[in-house]
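After this come two complexes, each holding subunit A, first together with subunit B and then together with subunit C.
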Partner chain A sequence: MSRPFAWQMAAALVLVLGGMALETMQGGTAANIWPALGLVLVAAIAGSLFATAPLIEAGIAFIGAHGAAWLLISGIAGHEGNAGPSFYLALVGAWLLAWRCVTALSAIKPASRQAAAALGLIIPVIFGVWILILWEAIVRGAGIPFLLLPAPSAIGARIVSSASILAADVNQTVFKAVLAGYAIGCISGFAAAVAADRFIFLRRGLLPIGNMAAALPIIGVAPIMVMWFGFGWESKAAVVVVMTFFPMLVNTVAGLSSAGHMERDLMRTYASGYWQMLFKLRLPAAMPFIFNALKINSTLALIGAIVAEFFGTPVVGMGFRISTEVGRMNIDMVWAEIAVAAVAGSVFYGGVALLERAVTFWHPSIRGG
Partner chain B sequence: MQFVKKFWTGASMDPLRSKIVPVLTILGIMIVAWYAFAVVLNGPFQRDLDRRAGRSPGLAGFLVETWSQPKPTLPAPHQVAQNFFNTTFMVKPWSRRSLVYHSWVTLSSTFVGFVFGAMLGILIAVGIVHFTSLDRSLMPWIITSQTIPILAIAPMVVVVFASIGITGLIPKALISTYLSFFPVAVGMVKGLRSPELMHLDLMRTYNATASQVFWKLRLPASLPFLFASMKVGVAASLVGAIVAELPTGAVAGIGAKLLAGSYYSQTIEIWAALVAGSLVAVVLVMLVGLAERITGRAMGGRPA
Partner chain C sequence: MTIRPSVGVSASVKPANEAPANEPVVEAQKLGLAFQTGDGPVQALSDVDLTIGKGEFVSFIGPSGCGKTTLLRVIADLERPTEGTISINGMTPEQAREKRAYGYVFQAAALYPWRTIERNVALPLEIMGLSRSEQQERIRRTLELVNLTGFEKKYPWQLSGGMQQRASIARALAFDADLLLMDEPFGALDEIVRDHLNEQLLKLWARTEKTICFVTHSIPEAVYLSTRIVVMSPRPGRVTDIIESTLPKERPLDIRESPEFLAIAARVRDGLRAGHSYED
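Coming up: the complex of A and B.
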């Protein structure tokens, strides 16, 4: 099992040789593919022959794959839409090398904690970069119309050129609507859960309704909220409140009953009252559940605010920008907005996750690393 | 007194007392609150209307008026129920005024999207469980993909597809697919990894191949996880279909009905469409539950 046969290398070799044969027969297409083909060929041969350790193999495959990708993408400039089959053969060859690289990296069992963390970061990054590379290369190689799917580089340029508009949209949607709604929704859901936990009758009545609400398309209240609270950010915050309330309620109620019998009995032998039990045992024990709800709500909140903006806004906001720029066929601006929304959503989620690490450091899922 | 105490502490296990009565009570409180809010929210406009007409209705008359405005800020429950009944049972199901027609349009794209999403999720989960490199590289991105407010793309997907001549079901179903694959993939990965080491070791002593382990151990063990995540997925799928109907292209479906209602301030219509959407959601989740029960019985499972 230590060194399984690297079929990706062999496949890359075959593809590149096929590409070379095609290139010689047809006498070359518009763009010059030879450097990329050559690089993949050299890397595949070197990787198969000289790779003594997984790290060396991964390094060779990494250089071959990304060098070839860079050569291909820079070589296609000026020849967009004229890529021949050899272009795609070289691209797939380079992609196989990257796959080999990731496989080799996955096989490494690092000794230190830092190395493991770095590896856990590098592997998904390579995957993500390759999605962008394939996207860029195929869009430009096949000349896919700009209206249908702009290349990542065009979207990046658009983000840079209209940074001020994007910043204003983020300010309106994220910092006003999402944060306000998220805070109110989560806090009120939490309060309702504590009340439901205190009074069993309330819990029996609210929990089935809360569970059912998880399946309902709550986002549909958006037009009603816009009608009630106007076009400003307040109506979007109201939608977010309604969307985040029930996940928080259900999860907190589940969390409050998660403390074990042993611990409860211990607290009882200490003669602790309801509130002492709540603050010293049951709330800390409920924290993993509460953070689960906070994480779910972080994505729900962003979705709620953006979709609510489809129903009417002042002339600023991410949802507003997306719906108007779609109408004006500025697809690159839409993608730029989506990229920013993705970053905002990930940062929000990541922030909650970091907070969770700090608060529930005692939980096995975090302690275990 | 004993009864009351029992009632509040829930000492009895009678399903009527422990489930139905509390739920009905809470629902009843909600409906009363709804009527009260309808008075509060519709009151100012109604008072204004009365003042201009020079009328001075008594308290009872005022209450009834706030509950029967044609375009209220908050329609009273009976107005919504009446509208829902009229547009569901009193018109032909295939006419454009019927909620059944709009629900069917939404339901069909939800269903197609969900089927593709569930299949995609299962495929991804199988890949992740069997290839380490996929696990290490794909799993973080699957999780990241859900922090992206993907519904934001919905209008664009529909418009872009329309520009190359694809309209109707497919773009909407695509959004449903994207939303529903994630819960299924994550749940299925968990499920496929749920067999204990003992069971896997037993399979090894039987000299079972990887595919035998998959079909005879991992897949059956994963079914409870699969159905639980499919319930989440089908609800997400419905939300995707509704939001996909919002942009200009859509002319039918619950989402289009919501948008039309918001353009013309037809609040009663919006609420009726919401009720229809909720009913569709409940039916979808119940269908998945039914499939779960049938599969469980076919596999010889006992009710837990």
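Coming up: the complex of A and C.
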């Protein structure tokens, strides 16, 4: 590397020296400021000495950044809202070290597939952890009111202490309403698309009507579905069906016409029937479109089920919990539900995306080229 | 020089003395096809008379818009003629298609990317309902015929363009139709690969004794491969000359420098020039 001294390291050094000067003049705003400042200082200097060996530099920056962050956050206990400028200077210095760490890691060209996979995992994890660190440190350092924004540690504690309630909510909303609605909506949208493809009057008639169904506001549909299907999960599943039907319909219709002329003519020269053409050519060719719809629907379904629970529900469910706990000022519980919903949605989406990779391995967007 | 005299540069080139001795595979009389477009009808084919005998290798050559691909598609029942009659093995093109009387090779390989090479070759066999063991046997045989043994488990996108086109030829050969229709199959390949595939195609033709209709816009390719060359011209698409090749059946690549070859090529070029007006 031609630059022996990375700018993140230089900036961290300047900030820490400034922090030390300020701390000497004022001092005493929170515990552990001096060890944190010292750790960042040592890591910035030591890391720069190894600027030509990215792995060692990244390791030193990693230890310095996270050690300092841990010292700062544990030191703020009992001093909430009283953090002085030196606290933030040390925090930004540590964050710059983490930045340097990720930059150094990104520059490494991994030798093996496992190393590449590990790198691909560790870089986003450091990113995500630093969002939480900055959130925690700023909320507690500045003493932001609990109702406005609880610290991640408080949300985490709430998740642990309310695990059984959260599990019941996930069971009600995700495993009953979302999965049932998603399956029914996607399958019926797919079946309608195949029918619309087979019969021209359906294509002419159904697609415009489907278009209108897609424009239905979910806020308006949800109370109607509750009146039709009751307070249980069935009415939420019905909302999810309404939301997921149309994306699957239009994507499948588009996918079924995506096979090329030459490929269709080829099937004609074999005197293949409609169903053979469908199963051997047009459905495989439509798979990238169908998976697009499955991915879009995986996030739509969760949103639909949670919002639908605002309009009448038994005393369980993620949407129910969010709407009632907000009224009771239990903001940490609301955040806990949001966090669980985000994880559930990501797992759902990730699962569909993995399945997509396995099924449409042949598509240029997946095989890369 | 032993080129037979031209029968006429206008049309209807099917005198009895030139009809092939073998039984006819394709017979067209007064064949015409008009496409309906937004600007009114376009005459893609007009007044085509043609007989192709069993075991012949017939090339169709002409500038773009001369209807050579349309003619091939009419034989394959991918287009319907609007005038005249055409029969394949004594049947209508539709009956012939239903009976899987021909294999068709397109301008691009058109292999299905989600199938391996062997599953691509198996595609027509699956549609025809052949047993697994019969499929395996035919895949092995046809892949050997096009020198692709060892590539059964590869996906099309893992192969070069020339190999992909060979796989598509294997697919057209797999169900043993006697007639092979090829629409500029090597048009997208570079000249070195093209020479190599031309040579292989001739060997394959000699081994399998199939009837081949071959559309091209390359004069050397047409002369090198064919027993007969059908010269066509546009507006309206029509046959302007039919040239019998006097080259021997055994054709090494360097036959293309022989005076006989060059004489036939010159006559093809004359035919193309006569039929095509360059004023537009």
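Please note the rule applied: the second predicted complex is superposed on the first by the 341 of 369 C-alpha atoms of A that agree within 3 Å, B and C clash if a C-alpha of one lies under 4 Å from a C-alpha of the other, contacts with A are read in each partner's own complex, and residues count from 1 in each chain.
Here is the rule we use: a residue touches a chain if its C-beta (ideal position, glycine included) is under 8 Å from a C-beta of that chain, and two chains touch if they have at least 3 such contacts.
In this text, all values refer to a predicted model and were calculated from it rather than measured experimentally.
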Subunit B and subunit C placed together on subunit A: clash or fit? fit
So in the superposed three-chain picture, is A:G260 touching just subunit B, just subunit C, both, or none of them (first/second/both/neither)?
second
Subunit A contact check, subunit B vs subunit C, more residues touched by chain B
Once the structures are superposed on A, label A:K280 by its partner contacts, choosing first (subunit B), second (subunit C), both or neither. second
Regarding the shared-chain residue A:I123, is it in contact with subunit B (first), subunit C (second), both, or neither? first
Task = Considering only the touch criterion stated at the top, classify A:F348 as touching first (subunit B), second (subunit C), both, or neither.
result = first
| task | Considering only the touch criterion stated at the top, classify A:E337 as touching first (subunit B), second (subunit C), both, or neither. | result | first
* To do: Using the touch definition from the top, say if A:T269 reaches subunit B (first), subunit C (second), both or neither.
  => second
Q) Is A:H79 in contact with subunit B, with subunit C, with both, or with neither (first, second, both, neither)? A) neither
Overlaying both structures gives a minimum C-alpha distance between subunit B and subunit C, in Å, of 9
Both partners, subunit B and subunit C, contact subunit A at residues none
Listed in rising order, subunit A residues that touch subunit C in their complex are 260, 262-263, 265-272, 276, 280-281, 284, 287, 360-364, 367, 369
Within the complex, subunit B is touched by subunit A residues 99, 102-103, 105-107, 120, 123-124, 126-128, 131, 147-149, 199-206, 208-209, 212, 214-217, 219-224, 226-228, 298-299, 302-303, 306-307, 310-312, 318-319, 322-323, 326-327, 329, 331, 334, 337-338, 341-342, 345-346, 348-349
Per the touch rule, the subunit B residues reaching subunit A in their complex are 7-10, 18-19, 22-27, 41, 73-74, 132-133, 135-141, 144, 146-153, 155-156, 159-160, 163-164, 231-232, 234-235, 238-239, 242-243, 246-248, 254, 258-259, 261-262, 265, 267, 270-271, 273-274, 277-278, 281-282, 284-285
In the complex, the residues of subunit C that touch subunit A are 76-78, 97-100, 102-104, 106-108, 110, 112-114, 123-124, 126-128, 155, 157
